[in-house]
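Shared chain: chain A. Partners: chain B in the first complex, chain C in the second.
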Partner chain A sequence: MRWTSRIKFVFLLPAVLWVLVFTIFPLGYSLFLSVHHVEREVVVTGREQVPVLNKDGQPVLKKNGEPRTKTVVKRELSTTFTFAGLDNFLRAFRDAEVATSVRITAIFVGAAVAIEIMLGLALAWLFNRRIVARPVLRSIMILPIFATPIAVGYLFFTIFYEVGGPLAFLGVPWLSHPDWALASIILVDIWQWTPFCFLVFLAALQGIPDELIECAALDTNSEWDLWREVVLPLLQPVIILVLLLRLAEAFKLFDIVATLTKGGPGIATQSYSYLAFTRGFKLNDFGYASAMAFLLLIVVMIVVTAFFKRLRRAYE
Partner chain B sequence: MKLWAGAALCAAAVIALTPAAWSQEHVKWNDDGTVDLMLGPDYDDTVIKVQQSDLGSLFGQDQQPFEGEEITVLTLDSGPKGGISGPLQAFRPVWEELTGGKVDIALTPITDLYAKMMLDLRQGTGLYDAMIVGAFFYGDLIAGKYMVPIDDYMASGEYPQWTYDSMPPSLRNLYTWKGVGYGVLNDADGQVLYYRRDALTDPKWQAEFKQTAGYDMPVPPQTWQQVLDISKFFAGKDWDKNDAEPDHGTVLHLKVGEQGHYHFQSFSAPFAITPGDKVDQYHNVYWFDPTNMKPLINSPGHVKALELLQELHKTGPAAQVGWSLGEAWDYFLRGKSVFAFSWGDVGALCQDESRSKIKGNCASAVLPSSTEYWDHQNQAWVKTDKPQKVGNTTGGSWHGVISSFSDSPEAAYSFLSLMSVKPVSIWMAQHGWDGVDPGYSYQMLEPKGEAKLDDYVQAGWAEADVKEYLDAYYETYNAPTMLTYLRIEGAPEYWDIMDKNLSAAMSGNKTAQQALDDTAATWEEITNRLGRDKIQQQYQDSIGFKP
Partner chain C sequence: MSSETPERAKAVRQRSSISDAVWSLVAIVVALIFFFPLYWAISNSLRRPAETFTVAGLGIPFVDFTPTLENWRSQVMVPEAYAAFTNSTLISLMAVAIALALGLPAAYALARFKFFLIPNKDLTVWFLSQRILPPVATAVPFFIVFSFFDLLDSRIALTLVSATFILPFVVVIVRQTFYDLPIELEEAALVDGASHFTAFWRIAIPLAMPAIAASALIMFAFAWNEYLFAVILTVKDAATMPVHIAGGVDTRGVQFWFVAVRSLIAMIPPVLLALLAQRYIVRGLTLGAVKG
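What follows is the complex of A and B.
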């Protein structure tokens, strides 16, 4: 092989290293953790008194003239990995909190994604018509996409504040009632992600040739029929794509919960990802948290694969 | 050309100003054997006078005992003038000037502190030389041998001087493990009842209350049942003159994942603990049966207490289900609720007129008791005419410990103990913003302690407030019956699920029985997973149970 052929591997190396270090290794390590129990303990292996030296390397003296000493303790961290097989995975199926978080996540995903897509479609239809100040309104409409979810969570925390907040006059227990708290999470997600759906649908609508619509309009006076029979079938691949993206994102619901409710009241808004996070990063149960993360990964992959198949069929 | 001139001017200004900032003096050695510790303009130019002997033999006018050493201290983040993290930042330049060392303060939200600390220790990274911990971290810290014992440092006389002898046994227990010292004296946490003196002693309200409840309003209330009656009476009435809005009964902080579960701990203790002369299988136990680690958390005593707490919650703002500590405190400080039961910070913050409208009317008492308690031995309720107060050390009693991985444990100890010398510790108890609450003998008023009323009055306290406040804390920490503290491996996990279930109960999603049964069931799983024998041994050691 000539060097000019080999050089391509050198150029590929940074990307390969990147994937190995930041994707493959963490994935492999978390898989390792998910099938092990980890015990750690500090073991003292020795102690010695050493003189304290100043920056010039001279012994530091006490007020009474004796050299100051300090204890140097040699310690080692002893780590024991015990193979746990599928213990952590099976534990997730016995854990009542996991069951509740799955239910909450399912409600959230179902409600938020459905509303976002329907609302996005309706807005796209509206903005596809001639309306006053359309460019300005369109720009304003898409602003929420650019906000970080953490900031959005804190923003809505102040909006939903029940004593003296801007919506306090409504008397709605936004964050203190279990059902309303979940509804609030859904509302925030809708506020943030409907614009994304709207934007993609609007682009797709504007990509439909005018002639096609005009031809179809010759056959019917009903705008609804026109939508149902012509526009929606043309939009179907885009709708599936948006659905896919939103589903994959919604299943990972974390940021809004972390900032708005911390999963409460009780565990009324504790999503699956938030639970996995608290298990791992708040209670240091990394094996279990890794197992939970892998289970989520499997579910999301199944959903995504199913939708991809559907998408492929739609295109074919 | 103009641009260059401007830049040069800026650079000159920076050069001129920087040495001024650097030369800010934080330590002044006086000829009379005292030393002024000066906190600087960010801390109201506070000067704390200590004796040279308070600082230990390493420190001296021309000494720089830790020159070139750099230590990192992990702490919860409440800001540069906030609870627990504030004092570290205030005393950092003082220690740096005294020692020639350097302190980095690693700040993290309180909810992440345990995870961040354990991650560092479990990985053996050794990022932190010292950590400010809650006493409930001790189970994990002891199990992993992650802390350095400090008795030798204390005995050496080289470091700033303080002693465990100033602590009542209930607090000393939280700073030590089986008699070995690990924690450096700092905060003392326990909950007391705060009430509005003006409302409860107003003859008009007293007469109305008697008419409604059928008995004289007790001031302060002696039982939680009385607190509920009074709370119900005041809820919805405009009894506070600070605004024309209706006010509430009791304010609580119940946000899940935060510190709401502490309310339940100290509230339920008199219902759920069977008093006795010593800790045995049935007496003075609250969390588990020490002989088999079966949870007691769903005992009838705990359940009845939670039912009463649910009732009490209804007399406060409904939104408090989602409230953190600060929101609930501010509600009470603004005069919107007649009761709060919380930590010592509230009493001190009542005196801060920039935040409080109730200075002079902020009364305190040891937490009320109950007219009945659950007898674990006979499995029956016991009614009593003389309800016995149950003391508590509920909370974190936040203090510093030295990491086993520290390369500079002496420097770390020296920094932490600088904030433990008596004059500094007294100053911290007198000020609300620092989050360091009183509990030690020299902070208590004579004759129970060594402090003088005048010192507190001069520090800005209302006389009536401070007397009751310190009496309440003295009683709380020296009560014959105490709520035992949970210091076992995995304590944060045990509390996490309890917190979630309590929050579900307080928001109406579960009944009290359901919430505590669910908690007990999960505790059994946790104990089995962590190893029943190991956890049982830790539990017995931590509560002083002798099989």
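What follows is the complex of A and C.
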């Protein structure tokens, strides 16, 4: 039962326009930038003598009674765009640092997401049993999800500290060895996002009608078989959904790298997003950064397309 | 047989209560492991600087060392910390207000009206698909456009951007709630001569209040935690908590005791608010696909 009155557009259009202005326009602009060489420089446009004022706004006078003056240099930020065709994109394909960052991001995404989903499933199984204080324990598990990522990065810096940190007894060079640094980043992501997978799986598990499980339990004695043949197939749509959400999110890896390792040691943990960010905002190479961002967008879009079909079904 | 069955049942029950106890213990250990990093920050924040790496074991306050509030006191007094906290609060609140103003009517439209040109579900998915955009893709254009309007390092710039990326949450969470409300109430009001706006404002909104409040809390937490746009669009005057924490470390090396305090100050608001919205977290984070 749905209404069709034209008033519906008054309800919907403001939000649609807002998203168009703040998402579609920047994306279009980004595409424009990606096919240009963008140069930003500060140009001096003039100099001017102005009187020096004291706190009350009165001119400060020299001993001879003349107002003290200072020179103000007028600067203007000039941005020039030169059409570059596909130069920026081709450059990304040849850039060795980009290749490294792609490999790092791929390892991160694969390892982190796989472990989070499996651990999330295991924890959901555990919390779906008759355990004590489930609401309290569940609330504790929610905490990491909403912890400020930047703060999380610094927290783990203190935890991975190799001299006197709480994990020092393991003797692992957490942040100083290239491979371990990447492992550390993966570990932080696992800490923050396993609870998300766990929560969603637990909700899905509790949504399965008890009778269904009891019925299936009549046929088998082994809980493993029950899970493999009944529960996991029932959870499958949710698992795929969580997988896609985590994939889309993991590709953006930025905050933890920015705080925990700053891409180091060397470039061992420089994720793709972090590299695009530094190219754009540390080196002011906006055209190249936009091209890199666009390539990432294409990869994410492929994930989104799969995601889109799944989601559409959820909103029937 | 009649004497054996209760025996067996009792044995099964006993075994299961033992295994329940074991698994409960495992669950408690898991929860403690996940809580440990937060606990470690609390413990660090209560230590004297010299004790940071010398305290033995698990660093339990009162047992392993004498806690002090000195770090908290000196951090709370820092004007930049105060300014960052204010900025974060104001920006997140304004962004949530904008997102609600735009998102609630949109959610209502998607739940109650039929759109023909583009089906409702495609519109819904379109709204939430921009959650998936990598922020780096829009960061450069935002930076250039806001610098053109001289809005860099202003609260306005970050508010507008934050409102955009949290908008999907209110649309997906509240759309479902509106959809689940009995439409008869609103139809009765329409028959009595009320307008669609009155039905929306006087009937649907009050009934959906718990979901609206929960979506507001979740959106506040996301706006608060955002870093990439914040570090690009703000420098000093409009710097938010995440930018403040990141900046303080660069200049003086990592001072663990202060970092712990700052991290906790940054984390406490979003984490507490999210706990209040627990019931809607699953729905929100799966963009409405799992009802939870």
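By definition in this document, the second predicted complex is superposed on the first by the 247 of 316 C-alpha atoms of A that agree within 3 Å, B and C clash if a C-alpha of one lies under 4 Å from a C-alpha of the other, contacts with A are read in each partner's own complex, and residues count from 1 in each chain.
The rule is short, and it goes like this: a residue touches a chain if its C-beta (ideal position, glycine included) is under 8 Å from a C-beta of that chain, and two chains touch if they have at least 3 such contacts.
Quantities reported herein were computed from a predicted structural model and do not represent experimental measurements.
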Contact breadth on chain A, by residue count: chain C or chain B: C
Which of chain B and chain C A:P173 touches, first, second, both or neither: first
Touching partner for A:Q58 - first (chain B), second (chain C), both, neither: neither
Which superposed partner A:L77 touches (first chain B, second chain C, both, neither): both
First, second, both or neither for A:A96, with chain B first and chain C second: first
Which superposed partner A:E162 touches (first chain B, second chain C, both, neither): first
Which superposed partner A:A248 touches (first chain B, second chain C, both, neither): second
Touching partner for A:S139 - first (chain B), second (chain C), both, neither: second
Which superposed partner A:V44 touches (first chain B, second chain C, both, neither): first
Contacts of A:S222 with chain B and chain C, given as first, second, both or neither: neither
Interface residues of chain A shared between complexes with chain B and chain C: 77, 161, 163, 281
Chain C residues touching chain A - in the complex, by the definition given at the top: 16, 20, 23-24, 26-28, 30-31, 34-38, 40-41, 44, 52-54, 58-59, 101-103, 105-106, 108-110, 112-115, 120-130, 132-145, 147, 160-161, 163-164, 167, 171, 183, 195-197, 200, 221, 224-225, 227-228, 231-232, 241-242, 245-246, 249, 254, 256, 259-260, 262-264, 266-267, 270-271, 273-275, 278, 281-282, 285-292
Chain A contact footprint on chain B (complex, rising order): 57-58, 60, 63, 65, 67-68, 111-112, 114-115, 118-119, 121-124, 143-146, 148, 152, 158, 254-258, 317-322, 331, 404-405, 409-410, 490, 492-493, 496-497, 500-501, 503-510, 518, 522
Complex contact set, residues of chain A against chain C: 1-5, 7-12, 14-16, 18-19, 22-23, 25-27, 29-30, 33, 77, 79, 123, 126-127, 129-134, 137, 139-152, 154-159, 161, 163-166, 191, 194-196, 199-200, 203-204, 207, 238, 241-242, 245, 248, 251-252, 254-255, 258-259, 273, 276-277, 280-281, 286, 289-290, 292-294, 296-297, 300, 303-304, 307-308, 310-312, 314-316
Chain B-facing residues of chain A, complex: 38, 40-44, 52, 54-55, 60, 62-63, 68, 70-71, 73, 75, 77, 96-97, 161-163, 173, 175-178, 181, 261-268, 270, 278, 281-285
